[in-house]
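Following are the structures in question.
There are two complexes below, and they share subunit A, which is joined by subunit B in the first and by subunit C in the second.
Up next is the complex of A and B:
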């Protein structure tokens, strides 16, 4: 039986889709069979970030409605033979999802794959609730800014109330990724520090990702940043994927990681 | 005026002079806030308005059983209710009898009319008794203490509605709402909204919180100490800083 992990954030534009693509690819690199499912129905993005947009034939709504089989809809990645992808419908909207259908669909995926990554839609409506309902774990993505943190806090509250495993009496495992940290701003006190964020949200940390301009180009080209070994964000995603696969990798403090400039600055201080 | 403490929560008094009555209640207002006041004598509109404005619980011209406990009083109510039931049955019989005989006997009709008047009076009495009982219950509910202890983080979007007092041992995150009817003690940082209607609040420094105490917004800058006591004294809000020596949780 595989593990179902929902990638959530509450607020939009903080990097759920990018994180889903990179973590899924990182898990696949660890020789684990992984499928990444785009649950953002009506606003399909993950296919582009993975560079698979021209290969989508069937989407998850068609699979849930019985119009297509999972094997027909699943797309195998060119980059890694262990990575698979299921696209969201671009023509329908979030209201088409129904709990029994979602449950059956996720149960089928769990049997075949080691990891099932669900890319949740932004917001906290029905589409979000269906994504978290049958998940075993959740990864929460935040940016170091107050609005993102408050929305994430709300999303965690809903997660604790509505997930099926919570209703069954167990705790849902939730971990935090802080995305787009700019070390200079944290050091100068303009940006919230990771400790402040963890204090506010009270959950376990999974990883910290520094701001990296390369991510935009990587997404546009459909080549996840994790493939770029030189990129600091790519390295952060490698560490995160290893942690998800159960490896013991220490958390690297990207805020204090010294670049050439900060070293020079420190000399003058 | 004649005053008598009937029981712990019931106070008997008479009206002889309006001014005397009002000045007496003005001086002892706080004492009688949670009492049921039984007033004998004619109640003028001025007095009635005065009592209602000050939120007193009162009833007029109600004879309390002498030398009996509240339990005995309640028993009497139930007995009277049973009596009323019998009375209603009798009345029904009376009605059917009347339907047959009404054309023959006019005197019978007169009797019926007087009976109706009697019945109305009875119903009126019972409604007063009911009101009295409800007020007694309300007051005894008010007296029972209840305290909730919460050690969960209150996350954004969550709303707590607490009846009675609350001891909060975890943080209240931005966007969450906590409402209590009683006092509130919070040991951790608060960033959400607080609505407290109790006697007292104990809060730490919380610059981002929205604190409303008895409908009045409390200025965050007034909470300077690590722990602050916010109290309602004589209809004024007092904020005192609790020094380290005073705080003794153990």
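Up next is the complex of A and C:
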């Protein structure tokens, strides 16, 4: 039976979809069978980040409504045989989701895959609730910035109240990724440090990702940055995916000076 | 070298952000409307009680005591 992990943030634009694509590919690289599902109904984007936009035939709403089988809707990744993708509906809106259908859909995926990664929509409305409802774990993405942290705190509050495993009396496992860290700014006191963010949100860390211009280039081409072994964000995603797969990988403090130095070195490469 | 000089004169805005967030998160967490479904839940509770007795108003508050979260529900009956 697979593990279902929701990727959430509260605020939009902090890197949820990028994280979903990279973590899913990283898990697949660990030889685990992984499916990544776009739950952002009406604003499908994960297909482009994965470079699979031309292959979408059926979406998850059609699967949940019984108009298509999972087998017909599922898309195999071009870069890793263990990675599969299911697209969001682009024409419907997120109010079409219904708990019993979502539950059945996720149960089917759990049977087939070691990991089921759900890319949540931004916000804390019904679409978000349906994404977290039947998840076993959640990964929260924040940027070191006040509005992202505040919205993440709200999203965590709802996660703690609405997830089915919480209603059943268990805790939901949740871990934080701090994305788009500028080491120079943290060092000069212009950006919140990871320690400050972890203290405020009172949550376990899963990884720290430095700001990396390569992210835009990666999504331009539909090739997740984890494939770029030289990129600092790509390396951070390798470590994060390994941790998700249960490997004991120490947290690299990307905010320290050595991080800055390696960044400078890379400029001269 | 110049960075070092600037650090001394520039205000530490990260510290400002942290202090502002600490206050805001605290008030967000204790606000009555902490959950977006609070209004919906109130309406549903009202419907259930109405089956048996006339209800004027339902108030739901989230309270935290000794680290335990609880919902306090106050039902005002119709006169």
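The rule we apply is simple: the second predicted complex is superposed on the first by the 257 of 269 C-alpha atoms of A that agree within 3 Å, B and C clash if a C-alpha of one lies under 4 Å from a C-alpha of the other, contacts with A are read in each partner's own complex, and residues count from 1 in each chain.
One rule holds for everything that comes next: a residue touches a chain if its C-beta (ideal position, glycine included) is under 8 Å from a C-beta of that chain, and two chains touch if they have at least 3 such contacts.
Predicted model, so just to flag it, every value in this text is computed and none were measured.
A.B. asks: Quick one: on subunit A, after the overlay, do subunit B and subunit C clash, or do they fit? Just give me the call.
C.D. replies: Clash: subunit B and subunit C overlap once superposed on subunit A.
A.B. asks: With both complexes overlaid on chain A, does A:156 touch subunit B (first), subunit C (second), both or neither?
C.D. replies: A:156: touches subunit B, not subunit C.
A.B. asks: What is the contact status of A:96 with respect to subunit B (first) and subunit C (second): first, second, both, or neither?
C.D. replies: So A:96 meets neither subunit B nor subunit C here.
A.B. asks: Hey, is it subunit B or subunit C that touches more of subunit A?
C.D. replies: More residues of subunit A are touched by C.
A.B. asks: Could you look at A:188 and tell me whether it touches subunit B, subunit C, both or neither (first, second, both, neither)?
C.D. replies: Once the two structures are laid over each other on A, A:188 reaches subunit C alone.
A.B. asks: Touch test for A:227: subunit B only (first), subunit C only (second), both, or neither?
C.D. replies: In the superposition, A:227 touches no partner, neither subunit B nor subunit C.
A.B. asks: Which partner does A:200 reach: the first (subunit B), the second (subunit C), both, or neither?
C.D. replies: both
A.B. asks: Once the structures are superposed on A, label A:146 by its partner contacts, choosing first (subunit B), second (subunit C), both or neither.
C.D. replies: both
A.B. asks: After superposing on chain A, which stretch of subunit B overlaps subunit C: 62-70, 134-142 or 170-178?
C.D. replies: 170-178
A.B. asks: Going by the contact definition given at the top, which residues of subunit A touch subunit B in one complex and subunit C in the other?
C.D. replies: In subunit A, positions 146, 149-150, 153-154, 157-158, 200 sit in both the subunit B and subunit C interfaces.
A.B. asks: Give the list of subunit C residues in touch with subunit A in this complex.
C.D. replies: 3, 6-7, 10, 12-15, 17-18, 20-22, 24-25, 28-29, 34-37
A.B. asks: Quick check on the complex: what are the subunit B residues that touch subunit A?
C.D. replies: Interface residues on the subunit B side: 153, 155-158, 171, 173-175, 191.
A.B. asks: Using the touch definition up top, name the residues of subunit A that touch subunit B in the complex.
C.D. replies: Residues 146, 149-151, 153-154, 156-158, 160, 200, 202.
A.B. asks: What residues on subunit A touch subunit C, complex-wise?
C.D. replies: Subunit A reaches subunit C through residues 124-125, 145-146, 149-150, 153-154, 157-158, 161-162, 186, 188-193, 196, 200.
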